[in-house]
Every structure is written in C-alpha cells, then in structure tokens.
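Same chain, two partners: chain A is paired with chain B first, then with chain C.
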Partner chain A sequence: MIGYFARKLGTYVLAFFLGATIDWGIPRLMPGNPVQIYVAKFQLQSPGAWEALNKLFTKAFGLNVPVWKQYLNFWNGVIHWNFGVSYTQFPEPVSHVIFSAVPYTLALLVPAITLSYVLGNRVGAMAARRKALDNTILPVGYFFQAMPYAWLALAMAFFLGAYYRWFPIGGAYAQGMVPNASWSFVWSLISHWFLPFMTVFLVSFGGWAIGMRNLVIYELETDYSRYLRSLGASERLVRRYAYRNAVLPQLSGLALQLGVVIGGNIVTEVVFNYPGLGNLIFKAISGEDYFLLQGIFLFIIVGVCIANFLIDIIYVLVDPRTRLSMQGAQA
Partner chain B sequence: MTASPGEIGPAAGVEEASSLGSSSTEEVGAGSEPVLGPVGSIAGGGVEARATVAAGAPVVGAPSGLGVGPRQFTGGRRWEFLYFALRNKKLLLGMSVELVFVVLAIIGPAIAPYNPSKFVARPNLGPSGAHLMGTTYFGQDVFSQLLYGLRDSYLVGFLGGLFAAIVGMAIGFSAGYRGGVLDEVLQVFTNIIVMIPSLVLLIVISAYLKTRGILFEGVFIGVTTWPWVARAVRAQTFTLRERDFVDLAKLSGRRATSIIVKDIAPNMASYLFLVLILLFGSSILLAANFDFLGLGPTNTVSLGTMMNQAMLWSALQLHVWWWFIPPGAVITIIVAALLVANVGLDEVFNPRLRAT
Partner chain C sequence: MTLEVDKLQISYRTLRGDVRAVDGVSFAVDDGEIMGLAGESGCGKSTLGNSLVYLEGRMKHAGGTVRLDGEVLPISDQRAMGRYRLKRVSIIPQYAMSALNPTRKVGRMTAELLKSRGVRYDSVEEELKRRIDLVGLPQGVLGMYPFELSGGMRQRATMVISTLLDPSLLVADEVTSALDVSTQRAVGEMLMEFRDERFVKTIIVITHDLSILAQVADTITVMYAGKLVEKAPAATVVGEPLHPYTQALLASLPEVGVRYEDAPLAGIPGRPPSLLHPPAGCRFGARCPFAFEKCSQDPPFMELRPGHEVACWKAVRDIGGTSVLAEADQPGTEGPAGPGAGSEVPAVPRPGAQLASPTSAVSPGPGEWTGQGTGQP
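After this line comes the complex of A and B, so read on.
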C-alpha cells in the first residue's frame, strides 16, 4: 500500500518538477526578450535612459546572474511560494492575485466535474439496453460531447443571457455589489455562476453518459454476466456487477480528462468574464504579465497533481483487485 | 523478455500485472480486466473506452469462442466487414455527413461568394439572400469565412491527429513490446505528460511566440494529446506479444520493428483505425478552443478564430449571433458525425456489439 502511493507520489513530484522547469525555461527559450518588451512600453527617446531601464529590469527579473543561478533562484521562489509581483495588478504579489481567483475556478470545476461524472455514469448505465432511453440520450450525448466549449458558452451566453436575459452574464456577481452575507448577494452569485457551470457540466456529461452506456453494454455481454444470468440472478444484480466493472475505466478516464476540462473551463470563464484563473490567465497574456503567467501555470499543475492523487485513492477504494494486488506485493 | 508459449491468455496477463504491477493503477487492473479506459481527449471522453473494450476484449478475455479477435481482421473476413459496413446506419450517416463537409472544405474557396477578409457590405447585417449568414462587424461575409475556415479546421484536425497517433503508437508499441525498464520509463513519462494541461502550456508558449502557423498548432496538439493512445496501444501490445505468432516471429530472427509493424500492428488495425478517428475529432475540438482564445494560427481564418473575432467585437452584446453560431455548429456537426461513424465502425469490427 505504502509502496504504491510512494510510487504515485514520485510521479507527481516528477511531473511538478518537469512542469516547473518548462515554466522556467519557456521564457528563456522563446524568441524575444521580455525585458525589451517591457522597456519598449515606455517609448523612450534617449539611448541613455533606455540603457538604464534595461539594466533595471534585467536586475528586477533576476536575469543578471548566470543561468544555473537563475534556475536555483526560481526554485527558491517556488518553495517560498513567491512568484514576484504582478505587472497588471501592481503592486499585488502574484500569489495574492492567484489566490483571489482560485475560489471562483474551484466553484465551477469541482461541482461540474463531480456532478457530470456521477450523473453521467448513472444516466449512461440506465441508457444501456433500454431502447427508449438509449434513443433519446445517445444523440443528445454525442451532440454535447462534440461541442467546442467556446461555442456552447457563447450560445448559452447569447440565448439565455444577452437575448432572453434569464441570467446575467459577466462577472461573479452584479456590478456595483459589495460582497456581503445577504441573500440578494448569494442569489447574485448563484445566478452568475449557473451558466458557466452548465457549460462545463454539459460537455462532460455527454461524454461520461456515452462512455458508460457503451461500457455497460459490453459488460452485460461478458461471460460472467451470462453466467450470473444462467444462475438465475436478477437483472438488477447483473447490472450492478456490470456497473462496478464499467466504472473503473471511467475513473482512469477521469484522470486523463482533467486537462481537457481545465482547458474548457478557461475558455468558459473567458466567455462569461468569470473572475477565475482562466480569465486571469487570459488577462495575463494580453497584459504581458509574465510572472503572473508563470505562477498560474505552476498552480494549475499542482492542482492537477492533487486531483490525480485523489483519483488514485478513489480507484483503490473502488477496485478490490488493486487493494489485493498491493497486499500481495507486500507479502 | 521471453515468454514460454504455455503462458498465453488471461493467466499470463494476470501475472504480468502483478509482477510489473503498481506502476500505475491501470496495470493492476489490466490483468483480468482488459479495459484500460483511455477515456480520452474528446471532451467528456468515454467513447474511447468503448473502442478499447471492443477491440481489446477478445484478445485477453476470450481466447476462444465468440469474439472476433483482431486477428481475424487480416484474415479472409475482410469482405464480411465491408458487408456489415454498408449496412451499418450509424457508419453510413456519419460518413456521408463527413463527406459533404470534406468536399465543401476542398472546393470551399472556389465557391465562396466573397473574399473572406474584404469589406463587402454593411457591418453586422443579418442573414439574407445576398449574405447567407450575414456579415461581421467589419462587413465581411460570414458564409465565405466559413467556407475558408472549414479547410483550416480540417487540416489542423488531420495534422494533430496524425502527430498524436505517431507519437502515441511509437511510445505505446515500444513500451508494450519491450517491457522492462523501457516500459517503466515510458510509463512514468506518459503519466507526467498527462498532468500538464495542454491549453495552459500553449498559453504560456504563445505569450512569447507571436507568430504561429497551422503546422505549429498541429504539432502542438500532437505532442500533448498522445498519452491515452500510448496507454491503450501499450496494453494491447502487452497481450499480443505473448501470442504464439509473435514468438515464432522472434524465433525467425526478425527485428523488433519489423515484428511490430508486420505482426502486431495489423492485429490491432481495426482498433488503431478507431483511435485515428477519435484523435481527428478531438484535435478539431482542441484547435477550436485554442483558436477561440486567439492562440491559433496567426495568419489564417479558421472556424475557431471566427468565434474569437465575434467575441472580441461584442457580437454577444450586439446580438450578432450569425457570426459565432454557424462556425461552432459546423464544428459540432463534424465532430458528432465522426463520433457516430466511430461507433458504427466499432459495431462493424466487433460482432458482439452489433445490434441485438
């Protein structure tokens, strides 16, 4: 058991290490120099001032030391969770800016991922071998699965937001409102949250439902299912076994799917101007806020690692064979 | 890695799993449970898992009896597949939709009524006879843009799918066939790549790389979406390499690459074909999201960039729905048709799934 998780943790540490190194390396490998981009913004005329400013920024970015030292300094910053100061929201430190956006992103992602997974699996399992349900859910599921997040978000924002005005769009709560504990504020939060949540939810939901339907159909045709039926087991029992087996590949699929959902979430936040990490990252590109960009990238990788670890734990809980083989490995 | 011919089938699989075990959850399951669950890249996933199940199951689970193993695919049953393919409604429906759009993508620029980037009419005109899908904020013809953009979206989907398939198969085959240390290393590598979200990586790269072409986008999609392919191909190779015919090939002294290409790959050809289709679809979707954020090719118009422009120039607020609804709808139809065709093909290849 310990060996299994130690191994998993090792992978996460490596992933984090590689991610951080990419994060550090990209600005240095890419053509163009961030320092010059910043200096160019001041539109200086005299070469002396240009020179001085260039020197100042090079020092501020820590680029005046050898590369290996820059790398060590970078890790020092990572360990202390210090990514420098945001350029677009000067003088806020990057970590503050990130932490103020994280709750919004989590409020979208966590319910969307868990609900779409749980409900999608249920509905998919129900659709398997039930013709009426299958004929309605399957086409709808394909449709949702085939939608680009950006388009579903735009369509929802237009029809339900801009056109019929059922839901407000833009921001996390009504403009001019001050966060407080009143019902009207909570209602404002929920009504702003609903459409972006539905966007992320619906696309994933279609995928899970279809995947589960297909897996359960397959499981219902396996030898063990036939054997169970021939023993006179109720269809309900057979289905329960089928479900338990089918849920495993879905779970490892969830781990693979995280990156795509996070990407979808970024797009959705941009469409709805929802103040989470996705929106922040978008603003960081247009504002050329490289420190902020670096910080968000690292933060997301940490998030993915944690989520993967949780999925691993759930996998062990759900699949008795994993538990058994781990005990076997120890004995 | 030598395997005695006696160790074929499920038993060998289980042993494999427990000895190699615990490098990731999937292997532990892989022994008695052939399903790997590469519920992958298409948003929400799920269909891939089916493909794995469909093609993978007979190899491990049912060495004899009902399953048409991928082995028979290369045998004399090719016409049988054609027979079922021509009678599979899902496959026919998906393929005909796809054909229409491919033709449109090819002849699109020739039949487009206007130059897609030129000012041709009053801005933000609604759909009419002269402008089937209205005009943009800049007075460009949306329908013409759509016809041009279709080609780029297909091209990116094709490039991305192709590169992902190449990388995924190369890694999956070598890990699965060689096993041992190489397998371990490649596994860890794959698991690491899974954890780096492609969109975020692309955002960081794009912040520095100001000009990007279609090729860049295709390659980028390829090098970030291969992990589920590698995992699935590895699992399949794992079960195939224990078979008699692979042992025979090894005895005859052929090189590993030749065994993989000539003996192992053909036995999972149907599965690889399904993988390609799914990769194609997911690449189109990914590219749409990239383009929407303005991270796509900087020099062309694609379906995703149309939505990007619409968003940037307040199409939402101005109620110019004809600017962003058509491109997204076309992507949805293209990808949905691919998914439907994929399920149809799955049924063609795997008799167990044919409608009962």
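After this line comes the complex of A and C, so read on.
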C-alpha cells in the first residue's frame, strides 16, 4: 500500500517538475519584451535615462543572466517560496498578488465542482430509471454541457445581469464598498458570486448527469444486478449497488475533468471581471507579466496535482479491486 | 409433483414480431427429482428455465401455467413473484462466475440480500457456514471480495447463496459449461448432494451436455425449437432414445480415442428453424432422415412407453401402432395444438397407407444413425 502511494507520489512530483518547466518556458517564448513595456510607461525623453532604467529593471527581474541560469534561479525561487515580483503590480511580490486572488477562485471552484458532481450523479442516476426525468433534465444537461464556458457566461451576464438586472455583474462586491462584516456586504458578495458560480456549475452538472445516467443503466444490466433481481432482492438494493459501482468511473472522470473546469473558470472570471486567479491570468498575459503568470500557473499545477492525488487515495478507499492490484504489485 | 408446467408459452418481443422461444411446453418434476433439460443453443431451454424464476423485461408470458407445490406461480407478475424468489424458487445463473457484486464482500452481500428479503442474517449464518464447508470453500470467503476468489470458488459461493433458504425448485442454468471435466463432476455431485440434503426439492439442470446429465439427472427432457421432443429416465434417453433428434444428439458426442479419419463426427445436418415463423408440423422434420408425410402435422407429446414421453410420428408408428396414430389424427383429441397445423396440411395420406409395412421400421440405435445421418445432404 505504501509502495503504491510512493509510486503515485513520484509520478505527481515528476508531473509537477515537467509542468513547472513548461510553465517557466512559455512566457519566455511569448513575443514582446516586458521590461521595455514597463520602461515605456515612464515616458522618458533622454536615451541615457532610458538605457539606465532598462538595465536596472532587467537586472531587477533577473533577466540579465543566461537562460539556463534563469531556469536555475527559478527553481531556487520556488524552493524559497519566492516567485519574483509582479511587473504589473510592481513592486508587489507575486505570492501576495496570487494569495489575494485565491479565495475568490476557491469560492467559485470548490462549490461548483462538488455540487455539480454530487447533484449531477444523483440526478443522472434518477434519470436512468425515470423516463420523465430522462426526457427533461437530460436534454437540458446536453445543452449546457456542450456550451463553451465563455458563451454561457456572456449569455448569463447579458440576460440575467444587464437585461433583467436580477444580479449585479463585475467584481466580487459592489463598487465603492469596503469589505466589512455587515450583512449588506455579505449579500453583495453572494449576489456577485452567483452568476459566475452558476456558469461553472451548469456546464459541469450536465456532463456528470449524462455520464452517470449511462453508467447506471449499464450497471443495472450487469450480471450481478440480474442475479440480485432473480433472487428477489429489493429494487432499492439493486439500485444502491449499481450507483455505488457507477460512481467509480465518475471519480476518475473527476480527476480528468479538474483541469477543464479550472480552464473554464478562468474564462468565466474574465467575463464577469471576478477578481480570482482567472482574471489575474488575463491581466498578466495582457501586461506580459512573466512572473505573475508563472506563479499562477505554478499554483494551479500544484493544486491539480494535489487534487488528483487525493482522488487517487479516495479511489483506493472505495474500490477494493485497486487494493488487490496493489498487493499484486508488491508481491 | 413438486413442479407442474402446463402448456407454457414464453415469447421474446422483437421488432419483427414475437419469437416464441418456449411454445406450449408441459412437464412435471417429482419431489426429489433432478431433471436434465438438454438441447442445442437457441432451443429455448434457458428461456424455459429462467422464466420459472425471473421473467426478464423482453420476455413475455404468452400462456400456460406453472404450479409449484400445488400453488400457481405468478411468473409474469414481477412483484408477486419477488416473494417466491430465493425462498421457493431459485436459480444458479449461467453467469454464476460473475453473479456477485465485485465491490462487496461475499458475506456482506449475502447479508444485504437477505435483509432486503426480510430474513435476518444471524438466523441463517450458522447454516451458511456449514454449507460453505460442505461445498469445500474456506470459511474466509465470506470476508473476501469476489475478485479474490477463483472462478470455480465464485460459482460455488453462488450455489450456496442461491440455495440458502431451501427453495423447492432450483434451476441450474449451464452450471457445468465453462468448467473442466473434473470440476464438472464435482459440481454435478454438489447438485446431487444439495438434493440429498434436502436443501432443494427439485432441480432442473439445463445444459447442452448430455454426458453430464447421464451422470447427474434422474430424468432427461430434450427440447428442440421451443418444444419438448422427449422425456424419459436418464438411462432410457441415453440408452434407448426414441426421437430422431435425441438419437442425433447422442451420435454427435465425440468419443475419446476415435480419430476423425476413422469415424468422422456425425453432427446434425441443417439448422434449427426460425422461431419467428416456425414451420407447421414437426419442427425437426426438415432435418430428420426419417421424416414422412405424417410429419407435416404437429406431433403430440405423448407417453409411448411407461415414463417415456416422445413427440414423434415415427416413434408413434413404430411403437404405438395404428390405433394411436389414427386417434391422433382425429380433430379435437390430443392431436396437433399448433396454430393452423391441421388445416394447412394439404395432403395427408390416410393412416392405413402409411402403415403399409409397420414392422420393418425399427428404431435405429445411436450407432446406426451415424451411417444414415451422414448420408443426408
């Protein structure tokens, strides 16, 4: 068992290493020179001053050394929890910028992922045996599941936000409001949170419901279900077993789906100008903020690796067959 | 009689119409009897066996009755039938090796199954453990997952679970088919032991393998294209079969030590008829080397010798003589029951004409078949 998890952990460490390397390389392959953009903001007239400032910032950002050294410095920074300084929010360190955005992203992602997974599985399992539900919720599920996040977000923002004005759009709370512990502030937070949350929730929900419906139908036709029925077991027991076994592939699907949901969340935040990591990525790309971009991606890479590792552990707990294969691997 | 099946009809609903897989089958099984049900693939033997326990969605009860211990079984009513399952009727399914939920320990699954049937697990736990010993499984299996057991162990566990509440009728569907010969024998002996220990009153063993039935079964019933063709004590079916189909089945059994060059396997030329539109008259007629004019009528399933029932005009001619044949020809008697069988037959010669030389026709033994059978196109 320990050997199994050690191997899994090794895989994730390797994935993290490769991911971080790509993460380091990609901003450097982007066109444009961020230092020049930054220096240009000062609107200097004299070429000498321009030159001096250019040199200063190149050095400050550590871009004056050879690329391989930049790479080693990058890892050195990672180890020391130092991801550099943001260009766009100079001189704020990247880690501060990220941590001020993380709560918003988690507030969207965690409820959207867990609720869509739990409810989607429940509703899908019900649709597997109720024709009426199968003919109503599922087509709606297909509709939302096939929708690009950005499009659904735009539609939501347009109809529910701009046209009917049921929900405010833009930001995490009303403009001009100072965060405080009052009910009006909490209400402002919730009403701003609702539309981006619904966008991410609806797209995932349809996917889970459709997948679960098909899996449960399959499980209800398997030999063990037929056997239980032939022995007069209650339909409740048959369904309970079918649900339990159908959830297993959904769980590995969740691990695969995490990256997609995070990607969708990024676009959604951009559309609603929600101050989470997604919005920050958008700002970092437009401002050619290498370090910030690097830092956010690194954060996401770590998050996805940890989430996948957790799902691996849960999977072993719920599917006894994986435990057997682990014993086999050890022997 | 523990089990009495009367004119049972089971059909499969398909887009092209109803396929009558079991077409008016009548038989009875005694208390303590192990009845073998044999026939080739698609003859309806599994459908017949399954319909007595669990009628699947695509199966339809089209007529006839089933009585168990004198009580009519509501085989087409899932809810009512649910009360009988496991307690009065039970099955060891064809897929016994994959019948257990892969993510539940055997013992826990059994407990949950019993609970859903309103039986307390503790009340049968001791008996369960005794039977697990009896079939040669270690006690540990109850705490194991199905995938930790071998195929044979899983099958034995299924056998124990299926018979735990001492049903009157047990249907054993192809329980020996995927096993090697020595395991087949062990499973056969287990079935006999279940009967001897009175775990079950009667067993219907469904198989295509006549040799296993010869060892295990008290009586053998042979099915062909949805109908019964012959039923007799096992030794009689194997030793002196009357129906040409049974004879052909026996002749098709390979013999160890005989090489193909010396004695090619006989087989049965032709294919079984489609049950969507079954032919009028004897369903084996088209493949039967002995078919004669009379065979265009549906042969009745009748007792020609004590305890030996056959549905074959030739057997009637050979054994029953003129009286039975003539009687069967009369409308309104035991005669053809199939739809339109009587009316659509254009030219049936009078009984006297067929029986020109009744004494010359002697029922061929299995050996004789080989020569005649292979000669057929």
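Observations, loosely collected:
Here, the second predicted complex is superposed on the first by the 283 of 331 C-alpha atoms of A that agree within 3 Å, B and C clash if a C-alpha of one lies under 4 Å from a C-alpha of the other, contacts with A are read in each partner's own complex, and residues count from 1 in each chain.
Convention: a residue touches a chain if its C-beta (ideal position, glycine included) is under 8 Å from a C-beta of that chain, and two chains touch if they have at least 3 such contacts.
Predicted model, so just to flag it, every value in this text is computed and none were measured.
Because the two structures share chain A, they can be overlaid on it, and in that overlay chain B and chain C fit beside each other without clashing.
Touch criterion met: A:263 reaches chain B, while chain C stays clear of it. Looking at the shared chain after the overlay, A:135 reaches neither chain B nor chain C.
Look at A:319: by the touch rule set out above, it reaches both chain B and chain C. Touch criterion not met for A:36: it reaches neither chain B nor chain C. When chain A is checked against chain B and against chain C, the one touching more of its residues turns out to be B.
Of the two partner chains, chain B is the only one touched by A:203; chain C is not. Of the two partner chains placed by the overlay, chain B and chain C both lie in contact with A:223. After superposition on chain A, the vertex angle at the CA centre of chain A, spanning the CA centres of chain B and chain C, is 50 degrees to the nearest 10.
Touch criterion met: A:214 reaches chain B, while chain C stays clear of it.
Shared-chain residue A:64: touches no atom of chain B or chain C. When both complexes are overlaid on chain A, the residue A:234 reaches chain C alone and has no touch with chain B. Put simply, chain B and chain C get as close as 7 Å, counting only Cα atoms, in the superposed view. In the three-chain superposition model, chain A touches both chain B and chain C at residues 222-223, 245, 248, 319, 321. Per the touch definition, chain C reaches chain A in the complex via residues 50, 53-54, 56, 81-87, 90-91, 93, 95, 98-104, 112-113, 116-117, 145, 147-148, 158, 161-162.
Note for the complex: chain A touches chain B at residues 3-4, 7-8, 11-12, 14-15, 18-19, 22-23, 26-27, 30-32, 34, 116, 120, 124, 142-152, 154-155, 157-158, 161-163, 169, 203-212, 214-215, 217-218, 221-223, 245, 248-264, 266-267, 270-271, 281-282, 284-285, 288, 290, 293-294, 296-297, 300-301, 304-305, 308, 312, 315-316, 319, 321-322, 325-326, 328-329.
For chain B in complex with chain A, the touching residues are 17-18, 21-26, 28-29, 31-33, 35-50, 52-54, 57, 61-62, 188, 191-192, 194-201, 203-210, 227-228, 281, 285-286, 288-289, 292-293, 304, 307, 310-311, 316-317, 319, 321, 324-325, 327-329, 331-336, 338-340, 343, 352-353. Listing the residues of chain A that touch chain C in their complex gives 222-224, 226-234, 236-237, 241, 244-245, 248, 318-321, 324.
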